[in-house]
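Next come two complexes, and both contain chain A; in the first it sits with chain B, in the second with chain C.
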Partner chain A sequence: MWNICPRHEHLSRRALLKGSLFTAGGASISNWGSLFQSDLAAAEVSKKKKHCILIWLNGGCSQFETFDMKIGRPTGGLYRDISTNLPGTRVCELMPNIAQRMDKLTVIRSMRTSQIDHPGGIYLMHTGYPRAANVRFPEMGAIIAKYCGEQDTDLPNFIKISSQGNAGAGFLGPKYHPFNLDRDGRLPTFSTSNLDEKIEMRRHGLRDFVESQFAEKHPADPARMHREAYQRARRLNNVQEKFKVDAEWEKSRERYGDTKFGRRLMMARCMVEAGVSFVEVGQSGYDTHADNFTGHKALLPTMDRAWSGLLDDLEERGILDDTLVVWMGEIGRTPRINNRSGRDHYVRSWSTALAGGGVKGGLVYGESDKDGVDVKDNPVTEGDFFATIYSALGLDPEAENFSGVRPIPLAPFGHNVVKDILA
Partner chain B sequence: MFGTNTRAVVAVSLSFFFVGSCSTTFAELRDIIDKQIESGWQANSVKPVERSTDGEFLRRVYLDLVGRTPSYEQAVQFLDDKDPNKRTKLIDELLADIRFGQHQSDIWDMIYFGRNPPGYGTDKRKGFQDWLAGHFNKNTPYNQWTEDILRANGNTVENGAPMFYVQYKGRPEDATEAITQKFLGIQLQCARCHDHPFDDWTQKDFYGMAAFVARLRVVDIGTKNKEKAYSIGEMNAGDVLFTGPAIEQVPGKKGEPVKPKYLGAEALEEPALPEGIEDPRNFPNGKEPPKPHFSRKDAFAAWVTDPENPYFAKAVVNRVWGQFMGKGIVHPVDNLSPDNPASHPELLNALTDEFVAHNFDMKWLMREIVNSRAYQLSSAGGPAEAKPLWYERARYRPLSAEELLESWVVATGYNEMLLANGQKPEESRLSVKGVTWDYVRRFFGRPNDGVGDFQGGLHEHLYLNNGQVHSLISTRKGGLHFELLNSEEPWEKRVERLFVQVLSRRPTDTETKRFTEHLSAEADPRRQTSEAIWTLLTCSEFRFNN
Partner chain C sequence: MKIDKPTQQWELAFNGDWATSVAFVGNNKIVAGNRTGDIYVWQIPDEVPKDEDEGEKDEKKKDGFPNVFPVRKLVGHTNGITQLLVTPDGKTVVSASLDRTIRLWNIDAETTGESEVVLDTRNREVNARGKRAEDKEKILNAPGCKVQEVASTATLEGHKDWIKALNISHDGKRLISGDDSCFTIVWDIASLKQVSSWHGYDRIWVSSAALSPDGQTAFVAEYAGRRSSFDCPAPQVRLWDATEGKLKNDLLKIWTPKVKDKDRVDSYGYFQTCGKILKRGLICAAYSNDGKMIAAGQGGETDTGMIHLIDAESGEIVRSVAGHKTGACDVKFSADSKFVLSSGRDTTVRICNVEDGKEVANLGAGRGGQFKDWIHAISISPDQKRIAGADIAGMIHVWTLGSQS
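So, the complex of A and B:
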């Protein structure tokens, strides 16, 4: 899918292999100590190289102002619904572009999750697990980077652009830690080397010698992590051009809407095209305890335009079938409208959406009751949701990683894959 | 206050310990530590690695006690010292060093506030940090200064202690969680919304504790020394209302008032409020709030820090042990739950009892730990884990942002360079010309994840490879670069100087050979000298305290 010719390809590959030999020497089952073993397992779990883009609605978007309107009910709110290109399905008037792409979407109107506050919800909806004192669960991005990502690559496999979540790679280890671009989707400060290539190689040669000497006698994990991270930082130099998308943006402005969020989503598409397996893009401001309606009116048109643009763009480039687009926040919002025209946190019944690779499209799954207070049928828990995402990407949600000696499945124990929405 | 039962249990376990596992009752704590750790190795068929080399120990103990690496002269002096007691001697010197307090303050300030406290002036807490550093240097008993933190008298600029509560302004539940976790090693957060599934704690326990701090208010008393000063006021009335489990809550339903009750102990007996006392709606800004008729906060502070509180001393010795040994005897250090057992329960009891018997003497506790055999093991060999379960090898701990910057300055001879050029080093140790503290803080400020495992990713290498470290490798007179370049000695000797100054040890023969080759490859070795210094500044051995 991508054909870059890294400047020192053969050298960096050799260096990487050399670095990994130390690993094999100190192989143990603890944590991510046995990368090689689990890489082999990863190849079995993963059937095909897929990608995933997560659109993260930070603060918790309202289901009543998007996909689950309650027109004429006391919980209904201010906005009207409009028809869509999916007969019989109506969505909020703030999303006219998405309304015309409902044939590509699978909307779940029956989410029921367990964490109602932001930190808990953000952790839960990034990892699939509630926070625990003794296990550091990896984010979905790290799991997808591990199982769907190219193992020998110059680009990080887990990229975040202006989003939330601080669980990172958890027990999967720093190899799958997110790489944060800046707010505009550009490389962060200090990403670019100004050294002459020859001098950089000479300096690297000396440093490599020091690290090898140390590694011979010191099998400890942190030192190995430090070596691996250095290699990845170095390899980033080979792909600097991939992050220069100003010209691409000029061509795409119209499609994504001329907004920062639009540009971030376009960047996500560029990264996926370059081979990155997981990109997360955030849009903040949905925590509308006050002025829910003006709040959503300010955010949704931007989102609607950019999200639609992304789906069109992926489709035109022929990569929508290999790219799962997930749309969610950490929580939903209350049916009850409070005395500040706001809606508070709600997780008993809310909505998320999926599109692209591995899911059907043109489908609304589950239903809430007439006021949106509770799920009427087909509730989907966080475990079910994560298991379904992994299944859509061709991963076995019951595949295990180890936290210490404890086996941890990709999706929490007791989940049910929502088979009805898988393609 | 804790009833006779608790005391009896403590006494029984103590006598059991001395009879069962210790040959002499007058043993120093370090000997008890060695014995307990060794029996852990035996019981689990674990073989410890060798004793650390002098170089390993030197760098480790400098970083742990004073937060930076030794200078070239300090390193040479120690490495060449023939005194068999030189390690013990060095430990005593470092405990008496003025920088000891500063470094411990850096560490404990992170425990109390973390990197990103919530505001209200908590981002500038020099008052608190200096106050804490002073207590560490004076070796004020731990229970005394923690009681001061919880009593929170005075104001944040002039005494510092009230700053702890300021960060929980308007959030008594968060204050309750933080106090139980940081001071008592108990995690109550689950009981905030439902009865704890594993531990005995119920929601009533949680709100009984919250009742002690629910009347506190953060009062802005105006500007002192050009900084905003806050005091902690306490209302005479006001209760926590408990509405039942979160899942059963109904909008609009009023809760029952909950009276203050000590965790796992009795309720607070408080005098009735005399008639006619009325609280203001708010304490007015600009002046010290009045004392309440009866202070729940003070009663709480006395209870938390009481030597007989079964959690208090145990939580802190476990924390200090973790600070030096990488991992608590109970780990994570702030989760002393029956669900999370200790690796060496007898050792934890011994540390606790001895610490109380020594009147909460922090320097004594630290001195005993760093004099132990386990602390002084090598970091070579052993298992792959950063913190071996049975302490059979030294742990790896990433340097904090403060330690890194201070050690970079020492390693490059940056201050010597300034002095040699008639300039004075900046007064604040974190203001270094050419290096932006905000960047160091951003790239290295949180090297660990929530439970203390190293999370360093590629971001920090981007900074090391392409960022400002280079500006410390100055070519001007007095700096390491200049000294190496202008020395008359053979390159082999200069390589030795480089290693001792940056890594606090002498190079191996292979290292000397490789570096000499690198440095003498060209007629003008200026660039190669920079590269050699950069290499040692950024390598794994420098990145970790190991």
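So, the complex of A and C:
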């Protein structure tokens, strides 16, 4: 049995029986977790047309310079707090625009996660799971693409714009792999064919013929993945116009701030409006082991303007209620300020924020102690955070996909959905 | 300035947040500020105490160098002090702060109150080591020093962001200040009015500024911190007409002649090119007393922070000296314009010959692990015999430059 059943095609008896209950007409069972229970759930959720935009603060933004200030304490740093439109809540002076939109945000001041380095943290906060040798966990974007995305669409359902995270679709397979735009939010140059359409089609026909012949004799996933990738690339040609946003940018430049990061977030809005279920937009440079204060001063005003512009734009277009905006990096930063005027990595107590679809606005959840050294109330782990995000989007965090024969829930075992946050 | 076997004389305890700034007021008074916004005044005795008996000597060894306590506290700023300077007549101290104001002080003015402060926590901890519990308690909880509080005589308002650049013309008539909204102001000290002001680009900061001795020309360097995808304007280093607020010379164009104007933008290529000269920005600057030279130091955390000596007339970099491991912090010229003194992130003060660039003295020693503590600022006494350095570890070092002093 082991000799004739390749690993990637192997299903346990339990999984096979479970899957068969949902199998109609003898449809072929594919791997990559697309067991039918999962597919049906995905089809059901995708009807709700939920979207998610992840604002990724690469390197780990400081909670002390954003949402969890400790003014007057030795850990407090150089910035002062300002009042917000949420009575009793104050945030850093570097975020005056977000301060006036706190009624739309849920801020979590009590994140406590498990991976303190960048590679581990980036993986963790993209997948919800720590790295493991035997499982390739999918990123949140891939899961949301699977469950919330339209399955038969020319647009990718998982787009990244100048962002990090290399877990990709993991065991969900290439169909949900992220499509990367360049840092200005433009299509990469390779995505546009420079051939005459007739020549292109003739080449496509020939390649398709050769690949079909090959696939008959080699029914392995790499061959299928290759064909799928080409198919997706070809379908992307049908929607090239969606990525041409220069005119839109001229209209939006003021709202988002005249920055590349602002343009990326506007692009994210355009993609969501076009039907893309998950867009991740990155801003790099937060790893401020040295010169933390000037570092954050260089980055946060740009982020503040663009993020607040995005929230306004989504709201005005009536899609904020269906779009969850997640704001996070992979780690927080230390309470102690080192002799480089910097803050190092810290995961014992840090902050994230959510806004839009599925979550309450005007809420600060959890609390750190007086110096921001530890969580005082309501700790939120990575598992809790991911489970809450999935719940906000209408997904069951315990829904399972399969890595080989191993069932993997969307959010890690032992998680708790933070129900106080959900709308 | 005469340099002959420089040695450290004093180590003034300034525990708490980082000591960021220091200035001599006359030859025996020192004023220093920190990142909390506190400014203290110390009166330094003419004579350094001598070791008379063995017991006392042991105590001094533990403490390092002798300490005296401050006598006055300048009260008013509400956020970190970034720069301190003294007018040439020695009568007025000028401070710039993250609270967006510049304040002027007469440190001999009538006091407004008295407070007790403890600035020697670390010395107490060292002295308490190995002592019996009750003695330890006594040392640690000993009363602090009493300081007379002094209020500022004037506050200059006009900046809307952190003021990190402040300098004075050698004739004592004008001040220049620059902030993080890239706004530069030239002030007339007598009237406390603005002479001129100008805005640079958004999202870029004035990192250093200096005035020519006659106050007519302003050197201004602009730089932003970390960037995501070079998402900010390109750095600038320019000379301005300080009276009119008009551009006189773009020094980066002189330093990078091969770059076309259209390419001087926020691109990777241009940042690479000018990064070789600026590293992470020119964060300190000074004009020589004779007005012939400008010194500007490469700051931020970089491999080696050099001090560029720039010909004030042509704008060319004549030579680069010093070389502070991981970045320079402050730069000053000696009164005779023969030496350039700089401090850096390697806990040292380097003194170099302007003429040939050779280092003639290196004060201090690296302290810390891979990354050393910074000497954040330096000051030279009017008689050119002493140097003071503000050490982020919470102390003010005072060196004498000549063994005869």
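Going forward, the second predicted complex is superposed on the first by the 370 of 423 C-alpha atoms of A that agree within 3 Å, B and C clash if a C-alpha of one lies under 4 Å from a C-alpha of the other, contacts with A are read in each partner's own complex, and residues count from 1 in each chain.
Here, a residue touches a chain if its C-beta (ideal position, glycine included) is under 8 Å from a C-beta of that chain, and two chains touch if they have at least 3 such contacts.
This is a predicted model, so every value here is computed, not measured.
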Quiz item: Will chain C clash with chain B on chain A after the two structures are superposed, or do they fit?
Solution: fit
Quiz item: After lining up the shared chain so the two structures overlap, which partner does A:R207 touch, if you call chain B first and chain C second: first, second, both or neither?
Solution: first
Quiz item: Of the partners chain B and chain C, which touch A:E367 in the superposed model: first, second, both, neither?
Solution: neither
Quiz item: Regarding the shared-chain residue A:N180, is it in contact with chain B (first), chain C (second), both, or neither?
Solution: first
Quiz item: In the superposed arrangement, which partner chain does A:T288 touch: chain B (first), chain C (second), both, or neither?
Solution: second
Practice problem: Could you look at A:K217 and tell me whether it touches chain B, chain C, both or neither (first, second, both, neither)? | Solution: first
Practice problem: Go through the superposed model and pick first if A:L78 touches only chain B, second if only chain C, both, or neither. | Solution: second
Self-check item: chain B or chain C, by number of chain A residues touched
Solution: B
Quiz item: So, A:E150: does it touch chain B (first), chain C (second), both, or neither?
Solution: neither
Quiz item: After the two structures are laid over each other on chain A, how near do the C-alpha atoms of chain B and chain C get, in Å?
Solution: 11
Self-check item: Shared chain A contacts, counted only where both chain B and chain C touch the same residue
Solution: none
Quiz prompt | Partner chain B, residues of chain A touching it in the complex | solution = 26-28, 30-31, 33, 116, 133-134, 136, 156, 168-170, 174, 177-180, 188-194, 199, 202-203, 206-207, 209-211, 213-215, 217-227, 229-230, 232-234, 236, 336
Quiz prompt | List of chain C residues in touch with chain A within their complex | solution = 17-18, 35, 79-80, 98, 162, 180, 203, 205, 224-232, 300-301, 345, 368, 371-374, 392-393
Practice problem: Could you please specify the touching residues of chain B with respect to chain A in the complex? | Solution: 187, 246, 251, 332, 335, 340, 379-386, 393, 396, 398, 439, 449-451, 453-463, 465-467, 508, 510-511, 514-515, 518, 527-528, 531-532, 534-536, 538-541, 543-544, 546
Self-check item: chain C contact footprint on chain A (complex, rising order)
Solution: 74, 78, 80, 162, 183, 259-261, 282-286, 288, 290-291, 294-295, 297-299, 301-302, 338-341
